[in-house]
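Here come two complexes built around subunit A, the first alongside subunit B, the second alongside subunit C.
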Partner chain A sequence: MKTATFKVWQGNSDGGELETYEVEVDQGYVVLDAIHRIQAEQANDLAVRWNCKAGKCGSCSAEVNGSPKLMCMTRVDELPADKPITVEPMRTFPVVKDLVTDVSWNYEVKASIKRFSPKTADHEDGSWSMDQYDVERPQEFRKCIECFLCQDVCHVLRDHQLHDRFAGPRHYVYVANMEMNPIDTGDRVAELREELGIGYCNITKCCTKVCPEGITITDNAIIPLKERVVDQSYDPLARLIKLVKGTGD
Partner chain B sequence: MTQHQVLEYDVIVIGAGGAGLRAAIEAATKGASVGLICKSLLGKAHTVMAEGGVAAALANVDDRDSWKVHFADTMRGGHYLNAWRMAELHAKEAPERVRELEGWGALMDRTPDGLINQRNFGGHAYPRLAHVGDRTGLEMIRTLQDHGIHEGIDVHMEVTVSKLLMDGGRCAGALAYDRELGRFKVFKAKAVVMATGGIGRAFLVTSNSWEYTGDGHALAYQAGAELVDMEFVQFHPTGMVWPPSVRGILVTEGVRGEGGILKNSEGRRFMFDDIPPLYKESTADTPEEGWRYVIGDREARRPPELLTRDHVARKIVKEVQEGRGSPHGGAFLDIAWIQEHIKDSEDHIKKKLPSMYHQFKELAGIDITKEPMEVGPTTHYAMGGIRVDPDSQMSTTVPGLFAAGECAAGLHGANRLGGNSLSDLLVFGKRAGGYAAEFSAENTPVHLQDEQIDLAVHEALSPLERDPGADVGPYRLQYELQQLMQDKAGIAREEGGLAEALDELQQLKTRAQAMGVGGSREYNPGWHTVLDLQNLLTVAEAVVMASDARKESRGAHSRLDYLDKDPEWGTVNLVLKKGHDGEMELRREGISEIPKELRKIIEEQG
Partner chain C sequence: MPSKVTALPVRRTFGQTMRTDVWWLQPVVVFVVFTSFVIYSTWAAFQGSNYYSGNLLSPFYSPLIWGDPAHSFTGTLEPGWWPSFLPVFSPAFVILWAPVSFRLTCYYYRGAYYKAYWPGPSSCSVGTPREAYMGERHFPLILQNAHRYTLPFALLLLVFLSHDAWKALWFETGFGSEELGLSIGTIVLTANVVLLGGYTFGCHSLRHLIGGGIDKLAGRPVQRAAYECVSWCNSRHMIWAWCSLIWVAFADIYVRLCAMGTWVDWRIL
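Showing the complex of A and B:
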């Protein structure tokens, strides 16, 4: 069996450092397997989040060799074998312990966003008719597993720490999902411009690059939302149309 | 007195998967103050992993479907050990529960007419599973989460309940600790809904996450609740088998629903070889007929790959045992073959099964649009659980304690049909939450004694106070337990092995009780694992005792020494309860008689 050298950040809000571990790696090992092995054999109290181990829950986000990744979907044999593999917590959020960060801010932001509100049902049984074609656009955004890797990489949060006025790519994806839902009547454009601060995004597309679900965050969510903001800000008519459309049919 | 925060609610819900969220929403809608507690972050519960779909007789794809057919399918799939009243309520209410989700923001895949689309699944007579590609669970949990956060529910994330608190015989709350700092919280509540999910971590090869340590089962049992059907543990026929690090991860039944076939090393489609009498009439005779079924020919009967999970799992094991398995001890599951019938099969597969495509590509280096997958059985689902009143979901023995979702029992009998869990969560989550709110409105406030709390805190802290050096550590001990259950209480059981398992469990229990861990109370998974182990050992004991007692093979329970179904066992449930001396007691209980109208439905549906 092969071994690999891992450098794992350990510590808490008071500080910490990279600890070095030699780990046996089985065939097909992902980084999370190695972390579990360290936990079982060398550091029982090593803190890490995970649930599904199949890229479905978005719990195991970390920075592997400096890039934001899901540990459960990152194969060890695809990382350079000649140097140690570093595993660190997401930098954009405060550390709780070791690889675990405090992501509660994301939950607060989401709760502040105007909720989904459907138009009246099309059918007596309370259901709506929707075309597959119309549904597919928002379905892309609904693939989001809330791993917050896009939040981690976005410079507005990571470097400028504008958490108080910028909701971050995850939440633009969330808003886009509702705005493009064929039966939603809510209007979140003013909110996007003000509280959610979409104007701070300068379309670097870093978020799209790290999204493990392959959501085209910038092109498909952020840019169309920015367009809506522009339309509404400069075009009161567009706003009126949306309002009328929202209440009707 | 110990230090702890006290929080008071009308209703607390333990678990924030589909069942817990649905219960919390309902209780809040009914005007109760609600605290929702979960071990992980919100939105990460097991429900997020569900793939194939949610079963409901919407009849959008085949208008012959109705609640009656769904009811009969569920009963047949459960080998008639199901609580028939739950099966009835479930079949009747599931369509409305699914439709309601779209009003909360869910977007299911559509039929050409713009209605919710439905797919085929094992044991369901018609296409019945509403779905979103193969990420239905994500759609469901996110919808409930995003709706729930606006309903005035207090969410306590990364908080683990370690004990139920009682006021006399009545359930009155729970003691919990937060993962972050290990601080204790006392939740005082007039009604408690248990929605903690399953027990899969008791076995080595499993599709379940670290959370599935049977906490709800064990905590309720310790508080005096009855457990039922614990011998029925579902081994899903198709888990990944290679590479070792992914062993057990689920391959959705949706692959077979979309036309995937099973083959052995000789290339033979062995599922055609022996078809159980109960399903002879409804199964295709030829591969050609099977394919016609997949593409929606109403005259065709379903391919044998879509027989119930217990049967498919056993057939795969048989092929492996007889030397016709795949290189790593499974069978081949082939969806790529549909290229014979579908021109752009590659795109089709990627669209219908995107996360399976991704999962195999990333984790096994296999392109499922071109090559077959290797699959084998994996521990998946607990049919057994807390015994409840079918209508209200209140425990049969502990007033004020409700249960819903995978930790409750009854709906599925000896074997669960795919898709019937997600619908179970919605139907009975709502019921449990609603009845819990009513119960809290009708009953007096509870009183908690300090001694009870102090004792529970002391129990929870004791592993940190013991010397960690003495034994193999919590993870290895858990591993030993998993190996034991896998070998001796797994997919094929027999007297000798079960008796040994019972003995060995006692030894593991002693060791777990003496286990110490290093580190502090701050986010210390080693400590959490020791506490989880106590629950895991309790449910393991329940599984072994019930498996030993049921001297027949039925549904998910297979005995090598009693290979056949025994009609005498066909009307009996096994009930477990903590005895006065603290030992686990088992008794047989006859199933209540099915009313005439329901019996008639079963007969008519064949």
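Showing the complex of A and C:
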């Protein structure tokens, strides 16, 4: 059994600091295992949120060696062995205690977005028919586990703290899931431009890099939505075509 | 939208991070390669000479509308409307605005050069130098939304560059006729078209215009196939972008050195 040095951030909304722990790590240990060991053997009051330990609940989001990751999916043997492993809470949200942050802002933003509004059912039993091909595009976005790592890494929220003007990648994925669904009749493009502030995104692709579900957030959700915003707000030719076709506003 | 988020952690200053990897390497590489390209292409555009060698035309000068009368479309050295107070005319001046505006507003390059030149941020989870931020909502960056308007010109250039690659397959026999052949220059110009094609056909705006803008592609087999092709190129947009950028500069260097007599275009077939 090997020993690894962990520096774990401990504190609350008033401040905190990195505490150092020497932890014995078994083969196949993930960071969450080590945190649990610290909690069990050295710091019983260490606060950490977790649930499934299988990368599906999105609860154990944190920053490991400065990068947003799920602690349960980050193997200790894949991190540099010659340096201490730092574990910090997500920096985009207020700290509750130690590694636990208050992510409730995300749920409030989600609740403010125009709901899914399906067209009239295709069949008498109230169901719709969709081609599998058309299902697959929004299906990618349904893989989101709401770990909010994409929100954490996004510099618009993380560094510029524009929580009042920018919804963040998670919610663009949520909107893309509805906007690209052939059954949906809702139009959220104006909302994307104004309230949800998609124009603040400058395409750093950090959200895509940290997504544990491998959702191609930038290329498949954000940029296609930006293009729809261009259609509606910045492209006079597209507006003219819509007007001629009689589909414009 | 809910706005109240209290007691956020203190923002980190420029370059501050807990990352332990070499996060600075990528923006530095982008900065060096991109800056080198801009310097070289500007220098090459101002030369106004050595852009033609035998059956090879530099991509920086294609299509040759004005220029060497023996090869240009108009048969004149420079346009009559060119302002006399401008001391220099180069055939590249009337061409390069198209690929420059296409790449400058490209979704991939935007992310890359914002990181390299306007560190906002330099890399993921690394502190930014400034607190204020406007994104692409205001002038001048709101102009990035015009990317789709640069696309037709980029597509048109591909037609001309394909024609150049075709012409590079034909060699003078010395008896007033031409024969089919293959030289290193032919391969260089053909590879240039392939790489630029991969980059241009993977454009995010093209992807949107060709099918991404609608929610139902089932029952439209041609549009669906086109969307699939563009999506395939799009998924490798970064690779196409860099390979085509480097290769187009190399193609100009190749033709230039052949024109100067430094290199000889070696004929394979």
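Just so we're on the same page, the second predicted complex is superposed on the first by the 233 of 249 C-alpha atoms of A that agree within 3 Å, B and C clash if a C-alpha of one lies under 4 Å from a C-alpha of the other, contacts with A are read in each partner's own complex, and residues count from 1 in each chain.
Criterion: a contact is a pair of C-beta atoms (placed from the backbone, for glycine too) under 8 Å apart; a residue touches a chain by one contact, two chains touch by 3 or more.
Predicted model only: the values in this text are computed from it and were never measured.
Once chain A of one complex is fitted onto chain A of the other, the partner contacts of A:V109 are limited to subunit C, with no touch recorded for subunit B.
Using the contact criterion defined above for the overlaid structures, shared-chain residue A:E17 touches neither subunit B nor subunit C, since it reaches no partner. In the overlay built on the shared chain, the residue A:E63 is in contact with subunit C alone; subunit B does not reach it.
When the two structures are aligned on the shared chain, A:N181 is found in touch with subunit B and with subunit C. When the two structures are aligned on the shared chain, A:E124 is found in touch with neither subunit B nor subunit C. By the touch criterion defined above, A:R158 reaches subunit C but does not reach subunit B. Residues 130-131, 181, 184 of subunit A lie at the contact with subunit B in one complex and at the contact with subunit C in the other.
On subunit A, the positions that touch subunit B within their shared complex are 12, 26-30, 33, 39-40, 44-59, 73, 75, 96-98, 100, 103-104, 107, 110-111, 115-116, 118, 121, 125-132, 135, 138-139, 142-146, 177-178, 181, 183-184. For subunit C in complex with subunit A, the touching residues are 1-9, 11-12, 17-21, 107-108, 110-111, 114-115, 120-121, 124-125, 127-128, 131-137, 141-142, 145-146, 148, 204-205, 207-208, 212-213, 215-219, 224, 234-235, 237. For subunit A in complex with subunit C, the touching residues are 13, 63, 65-68, 80, 83, 86, 88-89, 91-95, 105, 108-109, 112, 130-131, 133-134, 137, 153, 155-156, 158-167, 179-182, 184, 195-197, 199-206, 209-210, 216, 218-219, 223-224, 226-231, 233-235.
Listed in rising order, the residues of subunit B touching subunit A in the complex are 40-46, 48-49, 95-96, 99-100, 102-105, 107, 109-110, 112-117, 132, 135, 137-139, 142, 146-147, 149-150, 157, 180, 209-211, 242-246, 249-250, 355, 358-359, 362-364, 468, 473-476, 479, 517-520, 522-527.
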